[in-house]
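There are two complexes below, and they share subunit A, which is joined by subunit B in the first and by subunit C in the second.
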Partner chain A sequence: MAILIFLIVMAIILIAAAIYSIMQKDLLFAVLGTGVVSLVLSIFFYMLQAPDVAITEAAIGIALTTIIFIITIRNTTRDENKYNDDHINKFKTKKDA
Partner chain B sequence: MLKKLIVFLLIATLGYTLAVTLSSIPIGKNRIGSIENPETVAAYYLDKSPNDLKVANTITAVVVNFRGFDTLGEVSVLFLAATGLASILYRKEEEEEEENIRHISHRLNLPSSSLVQTGAKILFPLIIVLGIYVFIHGHLTPGGGFQGGAIIATGFLLMLVSYKGFETNHKVMVWLESLAGLGFVGVGVFGLVKYGSFLQNTGWTGNLNDLISGGLIPLIYIFVGIKVATELTNILDILLNIKPRKK
Partner chain C sequence: MMDFQTLFEQNIEIITIAVYGTAIALIVIGLYAVLMKKHLVKIVIGLSIMDAGIHLLFVAVGYISGGTAPIFSPGSENAATTMVDPVPQALVLTAIVIGFAVTALALSLVIRLYKHHHTANIDQLNSLKW
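On to the complex of A and B.
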(Lines of atoms letter the chains of each structure in order from A and count residues from 1; the text may use other names and numbers.)
(Lines give C-alpha, C1' and ligand atoms only; values in the text may rest on other atoms or scores of the structure.)
Protein backbone atom coordinates (compact mmCIF):
# COMPACT_ATOMS: atom_id res chain seq x y z
CA MET A 1 0.00 0.00 0.00
CA ALA A 2 2.77 2.40 0.92
CA ILE A 3 4.54 1.54 -2.34
CA LEU A 4 1.36 2.26 -4.29
CA ILE A 5 0.99 5.70 -2.71
CA PHE A 6 4.68 6.39 -3.40
CA LEU A 7 4.26 5.41 -7.05
CA ILE A 8 1.17 7.58 -7.46
CA VAL A 9 2.94 10.60 -5.95
CA MET A 10 5.91 9.95 -8.24
CA ALA A 11 3.64 9.73 -11.28
CA ILE A 12 2.00 13.04 -10.37
CA ILE A 13 5.45 14.66 -10.01
CA LEU A 14 6.47 13.17 -13.38
CA ILE A 15 3.48 14.57 -15.24
CA ALA A 16 3.70 17.93 -13.45
CA ALA A 17 7.39 18.30 -14.30
CA ALA A 18 6.74 17.39 -17.94
CA ILE A 19 3.94 19.96 -18.25
CA TYR A 20 6.09 22.54 -16.44
CA SER A 21 8.98 22.07 -18.85
CA ILE A 22 6.67 22.48 -21.84
CA MET A 23 4.92 25.59 -20.52
CA GLN A 24 8.01 27.34 -19.12
CA LYS A 25 9.27 30.25 -21.23
CA ASP A 26 12.66 30.38 -19.49
CA LEU A 27 14.62 27.67 -21.26
CA LEU A 28 16.95 27.00 -18.32
CA PHE A 29 14.06 26.09 -16.04
CA ALA A 30 12.48 24.04 -18.83
CA VAL A 31 15.67 21.96 -19.09
CA LEU A 32 15.72 21.50 -15.31
CA GLY A 33 12.12 20.25 -15.61
CA THR A 34 13.22 17.56 -18.07
CA GLY A 35 15.93 16.62 -15.57
CA VAL A 36 13.26 16.06 -12.92
CA VAL A 37 11.31 13.92 -15.41
CA SER A 38 14.41 11.76 -15.93
CA LEU A 39 14.97 11.45 -12.18
CA VAL A 40 11.43 10.21 -11.54
CA LEU A 41 11.62 7.94 -14.61
CA SER A 42 14.78 6.29 -13.33
CA ILE A 43 13.07 5.62 -9.98
CA PHE A 44 10.18 4.10 -11.93
CA PHE A 45 12.50 1.88 -13.95
CA TYR A 46 14.09 0.68 -10.72
CA MET A 47 10.71 -0.06 -9.14
CA LEU A 48 9.61 -1.93 -12.28
CA GLN A 49 12.63 -4.26 -11.93
CA ALA A 50 14.71 -2.82 -14.76
CA PRO A 51 17.88 -1.71 -12.95
CA ASP A 52 19.91 -1.70 -16.18
CA VAL A 53 17.66 0.92 -17.71
CA ALA A 54 17.51 2.82 -14.40
CA ILE A 55 21.32 3.22 -14.33
CA THR A 56 21.35 4.40 -17.96
CA GLU A 57 18.52 6.86 -17.37
CA ALA A 58 20.25 8.21 -14.25
CA ALA A 59 23.61 8.76 -15.93
CA ILE A 60 22.46 9.96 -19.34
CA GLY A 61 19.04 11.49 -18.69
CA ILE A 62 19.80 13.35 -15.48
CA ALA A 63 23.45 14.31 -15.90
CA LEU A 64 24.65 14.31 -19.50
CA THR A 65 21.57 15.45 -21.45
CA THR A 66 20.73 18.20 -18.97
CA ILE A 67 24.29 19.52 -18.97
CA ILE A 68 24.51 19.44 -22.77
CA PHE A 69 21.29 21.46 -22.99
CA ILE A 70 22.58 23.93 -20.39
CA ILE A 71 25.83 24.39 -22.34
CA THR A 72 23.78 25.02 -25.49
CA ILE A 73 21.63 27.60 -23.69
CA ARG A 74 24.75 29.33 -22.40
CA ASN A 75 26.02 29.68 -25.97
CA THR A 76 22.68 30.87 -27.39
CA THR A 77 19.84 32.65 -25.59
CA ARG A 78 18.07 31.77 -22.41
CA ASP A 79 14.76 33.50 -23.08
CA GLU A 80 12.48 31.82 -25.58
CA ASN A 81 10.49 34.97 -26.35
CA LYS A 82 13.56 37.07 -27.04
CA TYR A 83 14.80 34.63 -29.67
CA ASN A 84 11.39 34.40 -31.30
CA ASP A 85 10.96 38.19 -31.43
CA ASP A 86 14.40 38.69 -32.95
CA HIS A 87 13.73 35.94 -35.42
CA ILE A 88 10.36 37.35 -36.47
CA ASN A 89 11.69 40.90 -36.74
CA LYS A 90 14.42 39.73 -39.08
CA PHE A 91 11.88 38.51 -41.61
CA LYS A 92 9.39 41.35 -41.22
CA THR A 93 8.87 43.46 -44.30
CA LYS A 94 7.95 47.11 -44.35
CA LYS A 95 4.42 46.19 -45.22
CA ASP A 96 3.94 44.42 -41.88
CA ALA A 97 5.21 47.38 -39.92
CA MET B 1 1.09 13.54 -64.04
CA LEU B 2 4.13 11.25 -64.11
CA LYS B 3 5.23 12.63 -60.76
CA LYS B 4 1.87 11.83 -59.24
CA LEU B 5 1.99 8.33 -60.71
CA ILE B 6 5.43 7.70 -59.21
CA VAL B 7 4.26 8.95 -55.83
CA PHE B 8 1.19 6.74 -56.05
CA LEU B 9 3.31 3.71 -56.94
CA LEU B 10 5.68 4.39 -54.05
CA ILE B 11 2.83 4.72 -51.57
CA ALA B 12 1.20 1.57 -52.95
CA THR B 13 4.45 -0.37 -52.58
CA LEU B 14 4.93 0.90 -49.05
CA GLY B 15 1.34 0.07 -48.13
CA TYR B 16 1.62 -3.41 -49.61
CA THR B 17 4.86 -4.10 -47.72
CA LEU B 18 3.39 -2.84 -44.45
CA ALA B 19 0.20 -4.84 -44.97
CA VAL B 20 2.10 -8.06 -45.63
CA THR B 21 4.41 -7.49 -42.66
CA LEU B 22 1.67 -6.52 -40.23
CA SER B 23 -0.65 -9.32 -41.28
CA SER B 24 1.96 -11.91 -40.31
CA ILE B 25 2.26 -10.51 -36.75
CA PRO B 26 -0.05 -12.36 -34.39
CA ILE B 27 -1.49 -9.32 -32.66
CA GLY B 28 -3.22 -10.15 -29.40
CA LYS B 29 -1.44 -13.45 -28.88
CA ASN B 30 1.31 -14.02 -26.36
CA ARG B 31 4.46 -14.49 -28.40
CA ILE B 32 6.87 -13.32 -25.71
CA GLY B 33 6.33 -16.56 -23.87
CA SER B 34 7.50 -17.82 -20.54
CA ILE B 35 9.36 -20.72 -19.02
CA GLU B 36 6.21 -22.80 -19.14
CA ASN B 37 6.04 -22.31 -22.90
CA PRO B 38 9.44 -23.55 -24.00
CA GLU B 39 9.26 -23.01 -27.75
CA THR B 40 9.36 -19.20 -27.46
CA VAL B 41 12.50 -17.12 -27.69
CA ALA B 42 12.29 -15.72 -24.15
CA ALA B 43 12.27 -19.19 -22.65
CA TYR B 44 15.26 -20.08 -24.82
CA TYR B 45 17.22 -17.07 -23.55
CA LEU B 46 16.24 -17.66 -19.91
CA ASP B 47 17.25 -21.30 -20.19
CA LYS B 48 20.43 -20.87 -22.18
CA SER B 49 22.13 -17.88 -20.53
CA PRO B 50 22.64 -19.33 -17.02
CA ASN B 51 23.02 -22.94 -18.11
CA ASP B 52 25.14 -22.86 -21.24
CA LEU B 53 26.80 -19.43 -21.21
CA LYS B 54 27.11 -19.23 -17.39
CA VAL B 55 26.05 -15.58 -17.41
CA ALA B 56 24.04 -14.51 -14.37
CA ASN B 57 22.63 -11.35 -15.97
CA THR B 58 20.37 -12.50 -18.80
CA ILE B 59 20.09 -8.98 -20.23
CA THR B 60 23.84 -8.93 -20.81
CA ALA B 61 23.71 -12.31 -22.50
CA VAL B 62 21.01 -11.05 -24.85
CA VAL B 63 22.68 -7.70 -25.57
CA VAL B 64 26.23 -8.97 -26.09
CA ASN B 65 25.86 -12.58 -27.14
CA PHE B 66 22.53 -13.28 -28.84
CA ARG B 67 22.20 -9.73 -30.21
CA GLY B 68 25.88 -8.79 -30.34
CA PHE B 69 25.75 -7.49 -33.88
CA ASP B 70 23.04 -4.97 -32.90
CA THR B 71 25.29 -3.73 -30.09
CA LEU B 72 28.07 -3.17 -32.60
CA GLY B 73 25.60 -1.09 -34.62
CA GLU B 74 24.67 0.95 -31.55
CA VAL B 75 28.31 1.65 -30.79
CA SER B 76 28.87 2.84 -34.35
CA VAL B 77 25.79 5.09 -34.11
CA LEU B 78 27.32 6.75 -31.04
CA PHE B 79 30.62 7.07 -32.89
CA LEU B 80 28.84 8.75 -35.83
CA ALA B 81 27.09 11.17 -33.47
CA ALA B 82 30.38 12.18 -31.84
CA THR B 83 32.05 12.57 -35.24
CA GLY B 84 29.20 14.69 -36.58
CA LEU B 85 29.24 16.96 -33.54
CA ALA B 86 33.00 17.39 -33.78
CA SER B 87 32.87 18.18 -37.50
CA ILE B 88 30.11 20.77 -37.01
CA LEU B 89 31.76 22.53 -34.07
CA TYR B 90 35.34 22.27 -35.29
CA ARG B 91 37.15 25.55 -35.97
CA LYS B 92 40.65 26.01 -37.27
CA GLU B 93 43.24 27.32 -34.87
CA GLU B 94 43.99 30.34 -37.09
CA GLU B 95 40.47 31.61 -36.72
CA GLU B 96 40.86 31.95 -33.00
CA GLU B 97 42.46 35.30 -32.53
CA GLU B 98 42.46 35.64 -28.78
CA GLU B 99 43.74 32.13 -28.34
CA ASN B 100 45.19 32.73 -24.91
CA ILE B 101 41.87 33.49 -23.29
CA ARG B 102 40.10 30.68 -25.07
CA HIS B 103 39.78 28.41 -22.11
CA ILE B 104 39.22 31.18 -19.64
CA SER B 105 36.46 33.12 -21.30
CA HIS B 106 34.41 30.41 -22.88
CA ARG B 107 34.00 28.07 -19.99
CA LEU B 108 31.88 29.27 -17.13
CA ASN B 109 32.98 32.83 -16.56
CA LEU B 110 33.29 32.71 -12.80
CA PRO B 111 35.44 30.10 -11.08
CA SER B 112 33.66 27.41 -9.11
CA SER B 113 33.68 27.79 -5.36
CA SER B 114 36.33 25.90 -3.43
CA LEU B 115 33.57 23.74 -1.95
CA VAL B 116 32.62 22.48 -5.43
CA GLN B 117 36.24 22.08 -6.45
CA THR B 118 37.20 20.03 -3.39
CA GLY B 119 34.06 17.93 -3.66
CA ALA B 120 34.73 17.26 -7.34
CA LYS B 121 38.32 16.30 -6.57
CA ILE B 122 37.19 13.78 -3.95
CA LEU B 123 34.30 12.38 -6.00
CA PHE B 124 36.10 12.08 -9.35
CA PRO B 125 38.17 8.93 -8.61
CA LEU B 126 35.21 7.30 -6.86
CA ILE B 127 32.96 7.89 -9.88
CA ILE B 128 35.61 6.50 -12.23
CA VAL B 129 36.01 3.39 -10.07
CA LEU B 130 32.22 2.92 -9.94
CA GLY B 131 32.01 3.16 -13.72
CA ILE B 132 34.80 0.64 -14.21
CA TYR B 133 33.13 -1.67 -11.68
CA VAL B 134 29.82 -1.44 -13.52
CA PHE B 135 31.24 -2.42 -16.89
CA ILE B 136 33.60 -5.10 -15.60
CA HIS B 137 30.76 -6.75 -13.67
CA GLY B 138 28.33 -6.36 -16.57
CA HIS B 139 27.66 -10.08 -16.78
CA LEU B 140 27.07 -10.47 -13.02
CA THR B 141 25.19 -7.39 -11.83
CA PRO B 142 22.83 -4.91 -13.52
CA GLY B 143 24.65 -2.54 -15.80
CA GLY B 144 27.20 -2.97 -18.49
CA GLY B 145 29.28 -1.18 -21.05
CA PHE B 146 26.92 1.66 -21.88
CA GLN B 147 26.00 2.31 -18.26
CA GLY B 148 29.59 2.21 -17.02
CA GLY B 149 30.78 4.43 -19.85
CA ALA B 150 28.08 6.99 -19.12
CA ILE B 151 28.99 7.00 -15.42
CA ILE B 152 32.67 7.62 -16.26
CA ALA B 153 31.64 10.44 -18.59
CA THR B 154 29.69 12.10 -15.77
CA GLY B 155 32.86 11.98 -13.66
CA PHE B 156 34.80 13.78 -16.37
CA LEU B 157 31.91 16.21 -16.73
CA LEU B 158 32.17 17.08 -13.03
CA MET B 159 35.87 17.87 -13.43
CA LEU B 160 35.36 19.84 -16.66
CA VAL B 161 32.70 22.01 -15.04
CA SER B 162 34.51 22.57 -11.74
CA TYR B 163 38.03 23.29 -12.99
CA LYS B 164 38.62 25.76 -15.79
CA GLY B 165 42.03 24.39 -16.66
CA PHE B 166 41.03 20.74 -16.67
CA GLU B 167 41.69 19.14 -20.02
CA THR B 168 41.46 15.59 -21.22
CA ASN B 169 44.43 14.31 -23.14
CA HIS B 170 42.97 14.33 -26.62
CA LYS B 171 45.48 11.94 -28.17
CA VAL B 172 45.02 9.33 -25.43
CA MET B 173 41.24 9.61 -25.77
CA VAL B 174 41.31 9.16 -29.54
CA TRP B 175 43.66 6.18 -29.30
CA LEU B 176 41.63 4.52 -26.55
CA GLU B 177 38.42 4.99 -28.53
CA SER B 178 39.90 3.62 -31.75
CA LEU B 179 41.52 0.66 -30.02
CA ALA B 180 38.31 -0.20 -28.18
CA GLY B 181 36.31 -0.11 -31.42
CA LEU B 182 38.93 -2.22 -33.17
CA GLY B 183 38.93 -4.61 -30.23
CA PHE B 184 35.17 -5.14 -30.50
CA VAL B 185 35.42 -5.84 -34.22
CA GLY B 186 38.51 -7.97 -33.58
CA VAL B 187 36.61 -10.17 -31.12
CA GLY B 188 33.91 -10.54 -33.77
CA VAL B 189 36.41 -11.51 -36.44
CA PHE B 190 38.05 -13.94 -33.99
CA GLY B 191 34.70 -15.71 -33.64
CA LEU B 192 34.25 -15.67 -37.41
CA VAL B 193 37.64 -17.20 -38.06
CA LYS B 194 37.66 -19.74 -35.26
CA TYR B 195 34.01 -20.76 -34.84
CA GLY B 196 32.43 -19.82 -38.14
CA SER B 197 30.16 -16.91 -37.31
CA PHE B 198 30.69 -13.25 -36.46
CA LEU B 199 30.86 -12.55 -32.69
CA GLN B 200 30.54 -16.24 -31.89
CA ASN B 201 31.23 -16.92 -28.24
CA THR B 202 33.94 -19.34 -27.21
CA GLY B 203 33.21 -22.81 -25.94
CA TRP B 204 34.93 -22.03 -22.66
CA THR B 205 32.55 -20.30 -20.25
CA GLY B 206 33.79 -20.89 -16.70
CA ASN B 207 31.48 -21.12 -13.70
CA LEU B 208 28.30 -19.19 -12.99
CA ASN B 209 28.88 -16.03 -10.87
CA ASP B 210 32.64 -15.98 -11.40
CA LEU B 211 34.25 -12.72 -12.45
CA ILE B 212 36.00 -14.41 -15.36
CA SER B 213 33.17 -16.35 -16.94
CA GLY B 214 30.83 -16.17 -19.88
CA GLY B 215 33.54 -16.52 -22.52
CA LEU B 216 34.03 -13.32 -24.50
CA ILE B 217 31.18 -11.35 -22.89
CA PRO B 218 33.26 -9.48 -20.24
CA LEU B 219 35.90 -8.64 -22.84
CA ILE B 220 33.32 -7.16 -25.21
CA TYR B 221 31.73 -5.16 -22.40
CA ILE B 222 35.10 -3.74 -21.37
CA PHE B 223 35.66 -2.57 -24.96
CA VAL B 224 32.16 -1.08 -25.14
CA GLY B 225 32.64 0.67 -21.79
CA ILE B 226 35.93 2.27 -22.81
CA LYS B 227 34.50 3.33 -26.15
CA VAL B 228 31.34 4.89 -24.71
CA ALA B 229 33.27 6.66 -21.94
CA THR B 230 35.81 8.24 -24.29
CA GLU B 231 33.17 9.20 -26.86
CA LEU B 232 30.87 10.91 -24.36
CA THR B 233 33.84 12.66 -22.71
CA ASN B 234 34.98 13.90 -26.11
CA ILE B 235 31.49 15.25 -26.86
CA LEU B 236 31.44 17.14 -23.55
CA ASP B 237 34.97 18.44 -24.08
CA ILE B 238 34.11 19.73 -27.55
CA LEU B 239 30.91 21.36 -26.33
CA LEU B 240 32.58 23.08 -23.38
CA ASN B 241 35.46 24.42 -25.45
CA ILE B 242 33.57 25.88 -28.41
CA LYS B 243 34.07 29.50 -29.18
CA PRO B 244 30.94 31.61 -29.51
CA ARG B 245 30.51 33.39 -32.82
CA LYS B 246 31.53 37.01 -32.95
CA LYS B 247 28.67 39.41 -32.45
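On to the complex of A and C.
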Protein backbone atom coordinates (compact mmCIF):
# COMPACT_ATOMS: atom_id res chain seq x y z
CA MET A 1 0.00 0.00 0.00
CA ALA A 2 2.89 2.31 0.77
CA ILE A 3 4.30 1.90 -2.73
CA LEU A 4 0.89 2.67 -4.24
CA ILE A 5 0.69 5.92 -2.28
CA PHE A 6 4.30 6.65 -3.34
CA LEU A 7 3.40 6.13 -7.00
CA ILE A 8 0.35 8.39 -6.83
CA VAL A 9 2.31 11.10 -5.00
CA MET A 10 5.01 10.86 -7.70
CA ALA A 11 2.33 11.21 -10.40
CA ILE A 12 0.94 14.31 -8.70
CA ILE A 13 4.45 15.80 -8.37
CA LEU A 14 5.13 15.07 -12.06
CA ILE A 15 1.97 16.78 -13.33
CA ALA A 16 2.41 19.69 -10.89
CA ALA A 17 6.01 20.27 -12.02
CA ALA A 18 4.91 20.18 -15.68
CA ILE A 19 2.14 22.72 -15.07
CA TYR A 20 4.53 24.88 -13.03
CA SER A 21 7.13 24.91 -15.78
CA ILE A 22 4.47 25.90 -18.31
CA MET A 23 2.87 28.63 -16.22
CA GLN A 24 6.02 30.18 -14.72
CA LYS A 25 6.90 33.58 -16.21
CA ASP A 26 10.56 33.42 -15.14
CA LEU A 27 12.13 31.08 -17.67
CA LEU A 28 14.99 29.97 -15.39
CA PHE A 29 12.54 28.52 -12.85
CA ALA A 30 10.54 27.00 -15.71
CA VAL A 31 13.64 25.14 -16.89
CA LEU A 32 14.29 23.90 -13.34
CA GLY A 33 10.68 22.63 -13.40
CA THR A 34 11.48 20.52 -16.45
CA GLY A 35 14.45 19.14 -14.49
CA VAL A 36 12.04 18.04 -11.75
CA VAL A 37 9.85 16.42 -14.44
CA SER A 38 12.81 14.40 -15.71
CA LEU A 39 13.85 13.39 -12.18
CA VAL A 40 10.41 12.04 -11.27
CA LEU A 41 10.13 10.43 -14.71
CA SER A 42 13.34 8.47 -14.11
CA ILE A 43 11.86 7.17 -10.83
CA PHE A 44 8.79 6.10 -12.85
CA PHE A 45 11.01 4.25 -15.32
CA TYR A 46 12.77 2.46 -12.48
CA MET A 47 9.44 1.37 -10.99
CA LEU A 48 8.26 0.16 -14.42
CA GLN A 49 11.29 -2.23 -14.54
CA ALA A 50 13.32 -0.21 -17.03
CA PRO A 51 16.56 0.66 -15.16
CA ASP A 52 18.62 1.41 -18.28
CA VAL A 53 16.04 3.92 -19.49
CA ALA A 54 15.99 5.42 -15.98
CA ILE A 55 19.77 5.94 -16.00
CA THR A 56 19.71 7.52 -19.46
CA GLU A 57 16.77 9.78 -18.59
CA ALA A 58 18.49 10.89 -15.39
CA ALA A 59 21.76 11.73 -17.16
CA ILE A 60 20.34 13.40 -20.27
CA GLY A 61 17.05 14.82 -18.99
CA ILE A 62 18.29 16.32 -15.76
CA ALA A 63 21.83 17.39 -16.60
CA LEU A 64 22.30 17.99 -20.32
CA THR A 65 18.86 19.37 -21.21
CA THR A 66 18.91 21.79 -18.27
CA ILE A 67 22.41 22.95 -19.23
CA ILE A 68 21.52 23.72 -22.84
CA PHE A 69 18.29 25.49 -21.78
CA ILE A 70 20.29 27.66 -19.35
CA ILE A 71 22.81 28.49 -22.09
CA THR A 72 19.90 29.55 -24.31
CA ILE A 73 18.38 31.71 -21.57
CA ARG A 74 21.75 33.39 -21.01
CA ASN A 75 21.88 34.26 -24.69
CA THR A 76 18.22 35.36 -24.96
CA THR A 77 15.80 36.79 -22.39
CA ARG A 78 14.98 35.43 -18.94
CA ASP A 79 11.58 37.14 -18.64
CA GLU A 80 8.87 35.55 -20.75
CA ASN A 81 6.72 38.64 -21.19
CA LYS A 82 9.56 41.00 -22.03
CA TYR A 83 8.83 42.69 -25.35
CA ASN A 84 12.03 44.05 -26.81
CA ASP A 85 10.99 47.03 -28.89
CA ASP A 86 14.49 48.28 -29.63
CA HIS A 87 14.53 47.14 -33.23
CA ILE A 88 11.09 48.64 -33.90
CA ASN A 89 12.11 51.97 -32.39
CA LYS A 90 15.37 51.92 -34.35
CA PHE A 91 13.45 51.15 -37.53
CA LYS A 92 10.95 53.94 -36.92
CA THR A 93 13.61 56.54 -36.16
CA LYS A 94 15.61 55.47 -39.18
CA LYS A 95 12.51 55.72 -41.34
CA ASP A 96 11.51 59.11 -39.90
CA ALA A 97 14.99 60.50 -40.36
CA MET B 1 9.87 -4.14 -4.29
CA MET B 2 8.90 -7.63 -3.06
CA ASP B 3 5.41 -6.54 -2.11
CA PHE B 4 4.97 -4.78 -5.41
CA GLN B 5 3.97 -7.92 -7.33
CA THR B 6 1.07 -8.97 -5.12
CA LEU B 7 0.12 -5.37 -4.52
CA PHE B 8 0.00 -4.70 -8.23
CA GLU B 9 -2.44 -7.54 -8.82
CA GLN B 10 -4.76 -6.15 -6.18
CA ASN B 11 -4.58 -2.54 -7.27
CA ILE B 12 -3.88 -2.98 -10.97
CA GLU B 13 -6.58 -0.57 -12.08
CA ILE B 14 -5.44 2.28 -9.85
CA ILE B 15 -1.78 1.96 -10.89
CA THR B 16 -2.69 1.59 -14.56
CA ILE B 17 -4.90 4.66 -14.44
CA ALA B 18 -2.18 6.58 -12.57
CA VAL B 19 0.63 5.80 -15.04
CA TYR B 20 -1.38 6.10 -18.25
CA GLY B 21 -3.16 9.19 -16.98
CA THR B 22 0.15 10.81 -16.07
CA ALA B 23 1.56 10.10 -19.53
CA ILE B 24 -1.50 11.48 -21.32
CA ALA B 25 -1.58 14.51 -19.02
CA LEU B 26 2.07 15.26 -19.84
CA ILE B 27 1.34 15.01 -23.58
CA VAL B 28 -1.66 17.36 -23.25
CA ILE B 29 0.30 19.89 -21.15
CA GLY B 30 3.16 19.91 -23.68
CA LEU B 31 0.74 20.29 -26.59
CA TYR B 32 -0.92 23.25 -24.83
CA ALA B 33 2.47 24.93 -24.39
CA VAL B 34 3.43 24.35 -28.03
CA LEU B 35 0.15 25.77 -29.31
CA MET B 36 -0.55 28.63 -26.89
CA LYS B 37 2.73 30.08 -25.63
CA LYS B 38 4.38 33.07 -27.29
CA HIS B 39 7.99 32.75 -26.15
CA LEU B 40 10.22 30.45 -28.22
CA VAL B 41 12.01 28.94 -25.21
CA LYS B 42 8.63 28.11 -23.66
CA ILE B 43 7.62 26.34 -26.88
CA VAL B 44 10.77 24.21 -26.74
CA ILE B 45 10.00 23.42 -23.08
CA GLY B 46 6.57 22.22 -24.25
CA LEU B 47 8.20 19.97 -26.85
CA SER B 48 10.45 18.50 -24.15
CA ILE B 49 7.51 17.79 -21.83
CA MET B 50 5.57 16.17 -24.68
CA ASP B 51 8.61 13.97 -25.38
CA ALA B 52 8.66 12.91 -21.72
CA GLY B 53 4.97 11.95 -21.83
CA ILE B 54 5.45 9.85 -24.97
CA HIS B 55 8.40 8.02 -23.38
CA LEU B 56 6.37 7.22 -20.27
CA LEU B 57 3.48 5.97 -22.42
CA PHE B 58 5.78 3.65 -24.41
CA VAL B 59 7.40 2.13 -21.31
CA ALA B 60 3.98 1.70 -19.69
CA VAL B 61 2.66 -0.13 -22.78
CA GLY B 62 5.55 -2.61 -22.60
CA TYR B 63 5.06 -3.32 -18.90
CA ILE B 64 3.79 -6.73 -17.76
CA SER B 65 2.30 -6.95 -14.29
CA GLY B 66 4.79 -8.50 -11.91
CA GLY B 67 7.52 -8.66 -14.54
CA THR B 68 11.21 -8.36 -13.92
CA ALA B 69 13.76 -6.15 -15.62
CA PRO B 70 14.86 -7.57 -19.01
CA ILE B 71 18.36 -8.54 -17.87
CA PHE B 72 19.78 -12.07 -18.03
CA SER B 73 21.86 -12.68 -14.96
CA PRO B 74 23.58 -15.89 -13.78
CA GLY B 75 21.10 -18.07 -11.93
CA SER B 76 18.02 -16.78 -13.71
CA GLU B 77 18.52 -17.90 -17.31
CA ASN B 78 14.86 -18.91 -17.57
CA ALA B 79 13.61 -15.45 -16.72
CA ALA B 80 12.48 -14.71 -20.29
CA THR B 81 8.90 -15.72 -19.49
CA THR B 82 8.51 -13.23 -16.64
CA MET B 83 10.38 -10.32 -18.20
CA VAL B 84 8.75 -7.10 -19.25
CA ASP B 85 8.89 -6.35 -22.97
CA PRO B 86 12.39 -5.02 -23.80
CA VAL B 87 11.51 -3.66 -27.25
CA PRO B 88 9.72 -0.45 -26.10
CA GLN B 89 12.54 0.16 -23.65
CA ALA B 90 15.12 0.00 -26.44
CA LEU B 91 12.97 2.34 -28.55
CA VAL B 92 12.63 4.80 -25.67
CA LEU B 93 16.35 4.63 -24.96
CA THR B 94 16.99 5.73 -28.54
CA ALA B 95 14.18 8.29 -28.47
CA ILE B 96 15.61 10.00 -25.37
CA VAL B 97 18.92 10.65 -27.12
CA ILE B 98 17.19 11.78 -30.33
CA GLY B 99 14.93 14.05 -28.26
CA PHE B 100 17.99 15.66 -26.70
CA ALA B 101 19.47 16.27 -30.16
CA VAL B 102 16.17 17.79 -31.37
CA THR B 103 16.03 20.05 -28.31
CA ALA B 104 19.61 21.21 -28.87
CA LEU B 105 18.90 21.97 -32.55
CA ALA B 106 15.71 23.91 -31.70
CA LEU B 107 17.49 25.93 -29.02
CA SER B 108 20.35 26.78 -31.38
CA LEU B 109 17.75 28.06 -33.86
CA VAL B 110 16.18 30.10 -31.04
CA ILE B 111 19.56 31.69 -30.30
CA ARG B 112 20.11 32.47 -34.00
CA LEU B 113 16.63 34.05 -34.24
CA TYR B 114 17.28 36.14 -31.15
CA LYS B 115 20.65 37.36 -32.44
CA HIS B 116 19.05 38.35 -35.72
CA HIS B 117 15.71 39.81 -34.61
CA HIS B 118 16.56 40.87 -31.02
CA THR B 119 13.38 39.24 -29.79
CA ALA B 120 12.20 35.73 -28.88
CA ASN B 121 8.49 36.49 -29.10
CA ILE B 122 6.74 34.82 -32.03
CA ASP B 123 4.36 37.74 -32.47
CA GLN B 124 7.31 39.96 -33.37
CA LEU B 125 9.00 37.52 -35.72
CA ASN B 126 6.96 38.72 -38.68
CA SER B 127 9.64 39.60 -41.19
CA LEU B 128 8.39 36.92 -43.61
CA LYS B 129 4.85 38.32 -43.66
CA TRP B 130 3.74 40.45 -46.52
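Basically, the second predicted complex is superposed on the first by the 82 of 97 C-alpha atoms of A that agree within 3 Å, B and C clash if a C-alpha of one lies under 4 Å from a C-alpha of the other, contacts with A are read in each partner's own complex, and residues count from 1 in each chain.
As a working rule, contacts are C-beta pairs under 8 Å (C-beta built on N, C-alpha and C of every residue); 3 or more make two chains touch, one makes a residue touch a chain.
Everything quoted here is computed from the prediction, not taken from an experiment.
Asker: Of the two partners subunit B and subunit C, indicate the one touching more residues belonging to subunit A.
Answerer: Touching more residues of subunit A than the other partner does is C.
Asker: Who does A:D52 touch here: subunit B (first), subunit C (second), both, or neither?
Answerer: In the superposed model, A:D52 contacts both subunit B and subunit C.
Asker: Once the structures are superposed on A, label A:L64 by its partner contacts, choosing first (subunit B), second (subunit C), both or neither.
Answerer: A:L64: touches subunit B and subunit C.
Asker: Return first, second, both or neither, reflecting whether A:L14 touches subunit B, subunit C, both chains, or no partner chain.
Answerer: Touch status of A:L14: second partner only.
Asker: If you stack the two complexes on chain A, which partner ends up touching A:L27: first (subunit B), second (subunit C), both, or neither?
Answerer: After superposition on chain A, A:L27 lies in contact with subunit C alone.
Asker: Kindly classify A:N75 by the partners it touches after superposition: subunit B alone (first), subunit C alone (second), both, or neither?
Answerer: both
Asker: In the superposed view, which residues of subunit A touch subunit B and also subunit C?
Answerer: Dual-contact residues (subunit A): 51-52, 56, 60, 64, 68, 71-72, 75.
Asker: Inside the complex, what are the residues of subunit A that reach subunit C?
Answerer: Interface residues on the subunit A side: 1, 3-4, 7-8, 11, 14-15, 18-19, 21-22, 27, 30-31, 34, 37-38, 41, 44-45, 47-53, 56-57, 60-61, 64-65, 68-69, 71-73, 75-77, 80, 83-84, 86-88.
Asker: Residues of subunit A touching subunit B in their complex?
Answerer: 51-52, 54-56, 59-60, 63-64, 67-68, 71-72, 74-75
Asker: In the complex, go through subunit B and note every residue touching subunit A.
Answerer: It is residues 59, 108, 134, 142-144, 146-147, 150-151, 153-154, 157, 161, 232, 235-236, 239-240, 242, 244 of subunit B that touch subunit A.
Asker: Report the residues of subunit C in contact with subunit A in the complex, numbered from low to high.
Answerer: That would be residues 1, 3-4, 7, 11, 14-15, 18-19, 21-22, 25-26, 29-30, 32-33, 37-42, 44-46, 48-49, 52, 55-56, 59-60, 63, 67-71, 84, 89, 92-93, 96-97, 100, 103-104, 107, 110-111, 114-115, 117-121, 124 of subunit C.
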